[in-house]
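Once you scroll down, you'll see the structures, which are given as structure tokens.
Look at the two complexes coming up: subunit A is in both, with subunit B in one and subunit C in the other.
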Partner chain A sequence: MTNTKISSIEAIMLILTIFVSHTIVSLPQNWISNQKSAIILNLIYVGIIAMLLVYVIYRLFKNFSSLDIVDISEYLGGKTLKNIIGGIFIGYFTISASILLREFCESLRVIFFPMTDVIYIIIPFVIAMFINNSVSFGSNVKTISIVLPLVLFSIVFLFFANFENFSFERMFPILGKGFFNTFILGLGNITAFGGISCIYFLPPFLKEPKEFKKICLTSIIIGLLYFIFCVSTILFMFSFFTEADEKLPLYFAARHIEFGVFFQRYESLFMLIWILEISCYLMVANRFSMNVFQKMTNLKNTKYLAFIFPIIIFGISLIPKNYAIIRFFEAQIYSYLILFIVFILSIGILIFANLKKKKERELNAS
Partner chain B sequence: MRLKILACVIIFVILTVAFSTSYTTVNIDNIAVVVAMGIDLNTDGTLKVCFQFTNPSSISENGSSEQSSSIIKTVTSTSINSAINVMNSNIGKELSLSHCKLVVFFEDMAKKGITNEIYTLINNAQIRPSTNIVISKCPAEYYISNSEPLLENLISKYYELFLNSSQYSGYTCNATIGDFFDKMLCNSCTPYAILGGINFQLPNNTNDAFTTIEANSISNSSNLGGKTSSENIGLAVFNKGSMVGELNAIETLSFMCITDQINGFLITMPDPYNEENYIDVYLTPTRKTKFDVSFVNGSPFIKLDCNFKGQIYSMTSESNYLKPEVLEDVSNACNNYMKYIITEFLYKSAKEFNADIVGIGTHSLKSFLTFDEYADYNWLENYKNSFFDVNIDVNVKSASLLSNS
Partner chain C sequence: MNFKNILSSLFTYTPKETYNFILLEKSNSKTSINHSEENILNTKKIFPTVSINLEYVKSKYNSMINSDIVIREFIINVRGKQYSAFLLYIDGMINTDIMNRFVIEPLMLRNKSNLFDGNHDRIISEAVANNITVRKVKKFNLPEYIMNCLMPQNTVKQYSEFEKIFNDVNSGNCALFIDTLDVAFDIEVKGFEKRGVEKPQNEIVVKGAHEAFVENIRTNTSLLRRSVHNENLIMENIEIGKITKTNCALCYIKNLANSDLVGEIRYRLNNLQIDSMLSGGQLEQLIVDSNFLSMPQIISTERPDKCTSYLLDGRIVILINGVPYGLIIPAILTDFLSSPDDKNMNTSFSNFIKFIRILAAGITLLLPGIYVAICSFHQELLPTDLLYSIIVSRENVPFPVILEILLLEISFELIREAGLRVPSPIGPTISIVGALVLGQAAVSAGIVSPILIIVVAITGIASFAVPDYSYSFHLRLYRFIFIFLGYCCGFLGIGLGLFVYISLLCNTNSFGIPYTSGISPFVYTPGHSYFLKPIWKRDLRSNYLNPKKERRQEKIAMKWKYPFSKEDDIK
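Then we have the complex of A and B:
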């Protein structure tokens, strides 16, 4: 996998895939119910902080060009730390992919296949994962480069097509639930940028490692704009998202698009694009899990991993007994998981690895 | 290679078996398409749910020249979903609500509250947010059975088009269930629905010095003659999920004007040169209504600015609409007329109904810094204390084809 090199644009698309997929399922709704009308202000605020963090990550990676977080943890704490960190990241990728898959399939079942068991709706995604894992990483990235612009366009289209239904006054009261909630508790919304986890694994794949800084910052800026489009569509259109809990809030917005009597019911088209996007997300999660596992075990042949990880994801996705458990995990636990793994643990490792490097240099110099 | 073929066959079999249930159920032969649904409340608290279906055989066999009949079935049940279930069993097909254009509630039921029914309907993935909601002044079943298209062949086509006139008459409104649900949960506005009914009586509407007989018409007692059919004039006003009042034609027109839902409309008002005569002026909004909400001693003070351009439609042998001063006088008369009807409507919504169907509350949001401050103020409760300052600017530019006589 590491033999495949990807361009800067493809790398940006890869990071954005992680950002985008969670917003399709339920993320904007969680933000709005937590932040109310202050969500746009809060997103701009956490977006700026995410940019600063990404810049810090870029600076910390500077001493370890073409190494990813697993390699760096090996440098810092040997094979033990490497295996722990590798295990944590594999767990993070598979659990987040499983929960997202189950949540999305539950929504698909409610809307399109009420008579079908959710297991049968998950199976086609598992088959898609088998196929994606069987082809090269380059092909995966090229697929993402085709699908992601479509997804971004669908959200921009959703925004402008619903423009007539907007009530811009809903961005007030400007501070939502108050200053403390917006700027202190609201910091937790930085988990929206959980796609930063991709950045920790990107350096070995980059065709132009010098572009790393540009890749990181550009993806955050596009991600932030995307989030603002998503949230604005829902915030300006509906007052009830602050009170009620709807499945697939963006789908709900898509149902309102009508151009006269003839052009109606665009939501199926949106759904098709979003299904492709979820498949892309699963593709990324699988690829990085396989990559980390390969590094941990020094496997030369990853052929069988292509089947193992989809089956693990399939299995985990079937564990929650009902939709309430998935929503609880998604709204309450998942954000802490991102906060710990992506923003605390990984940055911590990078800082300590840099300190170790600095110490080594000083020792060598003396 | 053999392994791959085997895997493909297994996958194909699994998917075929899994999705065949959905396919066999959601098959055109196995579904009954509901175009309208009526809900009445029985005296014992049960619901009387009425379904109107299209008759597929009549559509295909009758051709385009004949009117295709619809089928109406009614079931008494404890909830909407169990009524659907009973009906599924009764007709031997699964009800499909994805083409349901209209949901009708009986007025008496609406007054008691339809919150639970609205939640149930919104929770149904088949019901579209654009489905129209009608509050009928007669039993819903009766309304639906009398909803016969006069100029279309298909009942579904009729339901699709019957509210188009709201954009140029302003006597009714395109109220949808999605919007109703949104406003029902909103803390700065209240919902509204179309007011419908069947008229059997001779009109007994009266007019005051300023408004005309057609302006005071309302569903169930309009001035329409001819074959009895359903009529939709006016609006049903709600506070949260309960109906609190109704608006007649001219009040609905005022509502449509200030919510920017109308492209143009005709007003009939006293002639400024001869008070015994009426003149017809067609007004077109030139920009969106501006709201300015401030608070005086804790009560909302609401300023509204509306701009229209006008064209005189009526003509008499003494008319002379080429004189600028005549146009100026007609403009002033229009100003006074529009100011009167809009102010009357706003005070009625505030003092009589205490229901902010215009959504002025959303314009007041910027006066508050936090959500808690807004919740503490309780806009929906304080709306009844509102007072209004309506500024109308009508610029009557010309008459129609004839300008002078």
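Then we have the complex of A and C:
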């Protein structure tokens, strides 16, 4: 995997994949239920903060060109810290992939396969993961580069196709539940940019490391635009949506499209595209888990890892007893997990590693 | 002996033994080999005695039982001396007229040159110093004399190994062995029957050349040579096959093609340990990287102009003796959706057709699967009226949709295969019987629904719109997987199947070049995009090939339009 280099566009697509996948399930719904009509303003606000954070991350990475967060933690605290950080990130990737998989499959079960046990819906995804893990990282990224534009287009299409159903007055009051809720409590919505976790692993793979800043900022901007399209579609369409216990809100938005007489209802087509996107996310999570594990253990043959991680994800995804537990986990725990791992722990490690580097330089100079 | 046997022995004829042929399996125990015989047969060097050479050639070619092997013995006169000699050639492979007039006649007829019995040594230079004459003398050299004076032929080679001589004799040359010489002469007298250059059979274009490759490699190389018309066109000869020693030509333009790419292909061709190589398809399978999807990785074409176009792009062409196709290497996905006519037409027309081809590929691969998925899981997708008509049309069909579609798809493949294999006059009859009678009868009998006939027909037509046969075949094969996935899990199955398919497609390489170049990531690649730019903007070669020259034409190709502008002024 370390021999594969990816272009700047492929790197942007990789980051966006992580941003996009959670919006397909219930993430926009959580945002809207927290922020009400202020969600667009809130997203712009957290988007700007995310950009600043990413810029900080870029600056912190500058002293460690072509090293990822696991290598940097090794530099900072030796093999022990490397293994701890590696383990945390493997846990993060596998848990987030498992939760997303289970939630999406539960939704699929409700919509298409009401008589089928969810395990049989998860298994095809696991098989797809087996196959995708056995191909190269480069081809994984290329696959994402084909799929992601489709997903982005589908959301833009969803927005414009539903345009006549929109009630723009639903964005008022613009501050929703008030200033404090939008700008202070709403800061927690920065977890929407959990895809930043991918940035910590990108430097060794970049064909053009100089483009790192551009890659980070561009992906945040596109991600922000994508989020705005998503929440706008839901916010402008459903007045009491936040109260309803609907799964896959974007799917239900797709149900309202009336666009010629070619198709009665479009949501299945959207679902087809979103299945591709979820598979992309699972592929990325698997890849990074494998990469980190390989770094931790210095494994030369990763052939069997291709099977181990999908099985772990499969196992974790079966742990929650029902959909409510998954929703609870996603709304109450997962966001804090992202906040801690992606924004506190990783940035902390980068800061300390930079301080160590600075100290070393000073020592060398003296 | 009972009564019945007595009767039968008296009145019926029973042969004592019936003849049964049984091919014995090779025993595991080592059979004794006559080593001395084997050593003789494996002799490499030509003997200086003609009688030994003659015996060797006779045994090697089995001239006693081989009817078309001709060994013509005669006496040759050289400077008044007589030498025994013989010619070896294969009847039917040589031009008899050339043989008689330019080989046998000069060698056998007596003339002033070969009757001259003077000093055999030739004085090259002479110098006199202090009344002493110093002469530089070149000794008479019989092989050189024969080659230079007695063979009025344009291509004569001299070999000291039997293998090389036999190789050329098998290609249609004749070999001359002369007593006292440990070399033999290889004289080109080829003259076997061959097909003339004809119109392409499978790749018909509207605006383009109407010449196709033939079986003869030299004709094919000349076709390329004529159209490229440049001294930088290299045609390396490589022999493949221990038995057949098939001649292959590795063609590339020296100052365009990437040297690493040429080296890699040469390496692969030179390292094939096979007995025979009889077709381009065999060679293709032997030199490509393995890929799970069995995607074609080499373009096979019968059109020299297509080969020329790709050669000028920096690619490599392999021509094989006996195969009327050229193999273009490397090839990426979009190449299989392109036709030679694309570059001959107006850009907008070409791009429209190219878009139609993408649609055709998508339909071929996915339409039957999507139909099954919609019928089984996603009925809400269809407008109510259409859904109603589908339900009505399926009302009398007793089978599940998967069986119905498999029945029809397999029938369609049967008709297609039968249409290909039957003699050409019967071909249209098969199509009529298959398409009209069978289809109509199947609907009337309630075996399949009319809407399914439409789906299968559209899929079939779409598969014909894909220009490359191998790629079309690949799509036809994989559509069955999508049918199965669609039936099992609806769009979930199709989505995951498509995802895995794309992933494997992206993992494929053709001679080190990503198969999805130009598609993934879907951004502008200098010199390469599936959709064509106007011809005056096609100034760069495909950069994924890393050619030696990037620019295909000047930035201002239509100089007549901007005669006074500097290049940088126009963007």
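By our rule, the second predicted complex is superposed on the first by the 363 of 366 C-alpha atoms of A that agree within 3 Å, B and C clash if a C-alpha of one lies under 4 Å from a C-alpha of the other, contacts with A are read in each partner's own complex, and residues count from 1 in each chain.
Just so we're on the same page, a residue touches a chain if its C-beta (ideal position, glycine included) is under 8 Å from a C-beta of that chain, and two chains touch if they have at least 3 such contacts.
Since the structure is predicted, the reported quantities are computational estimates derived from the model, not experimental observations.
Participant: Following superposition onto subunit A, is the placement of subunit B relative to subunit C best described as a clash or a fit?
Facilitator: In the superposition, subunit B and subunit C stay clear of each other.
Participant: On the chain A superposition, what angle, as a multiple of 10 degrees, is formed at subunit A by the C-alpha centres of subunit B and subunit C?
Facilitator: Taking the centre of subunit A as apex, the angle works out to 100 degrees.
Participant: Which partner chains sit in contact with A:84 here, subunit B, subunit C, both or neither? Use first/second/both/neither.
Facilitator: In the superposed model, A:84 contacts neither subunit B nor subunit C.
Participant: For A:256 in the superposed arrangement: first (subunit B), second (subunit C), both or neither?
Facilitator: first
Participant: With both complexes overlaid on chain A, does A:118 touch subunit B (first), subunit C (second), both or neither?
Facilitator: Neither partner.
Participant: With both complexes overlaid on chain A, does A:10 touch subunit B (first), subunit C (second), both or neither?
Facilitator: second
Participant: Considering only touches as defined above, state whether A:110 meets subunit B (first), subunit C (second), both or neither.
Facilitator: Only subunit B; A:110 stays clear of subunit C.
Participant: Is A:178 touching anything from subunit B or subunit C once the two structures are fitted on A? First, second, both or neither.
Facilitator: A:178 contacts subunit B only, not subunit C.
Participant: Looking at the superposed set of three chains, what is the minimum CA distance between subunit B and subunit C in Å?
Facilitator: Between subunit B and subunit C, the shortest C-alpha distance works out to 5 Å.
Participant: Where on subunit A do subunit B and subunit C both make contact?
Facilitator: Residues 112-113, 124, 127, 261, which sit in both footprints.
Participant: So in the complex, the part of subunit B that touches subunit A is made up of which residues?
Facilitator: Residue list for subunit B touching subunit A: 11, 14-15, 18-19, 21-22, 25, 125, 128-130, 160-161, 178, 181-189, 359, 362-363, 365-366, 368-374.
Participant: Please output the residues of subunit A touching subunit B within their complex, sorted ascending.
Facilitator: Listed in rising order, the residues of subunit A that touch subunit B are 36-37, 110-117, 120, 123-124, 127, 167, 169-170, 172-178, 238-240, 243-244, 252, 255-256, 258, 261.
Participant: Flag every residue of subunit A that touches subunit C in the complex, lowest number first.
Facilitator: 7, 9-10, 13, 108, 112-113, 121, 124-125, 127-128, 131-132, 135-136, 138-140, 142-143, 145-147, 149, 261-269, 271-273, 275-276, 279-280, 283
Participant: Under the touch definition given earlier, write down the residues of subunit C that touch subunit A in their complex.
Facilitator: Those in contact with subunit A are residues 377-378, 380-384, 387, 489-496, 498-500, 502-504, 506-507, 514, 516, 519-523.
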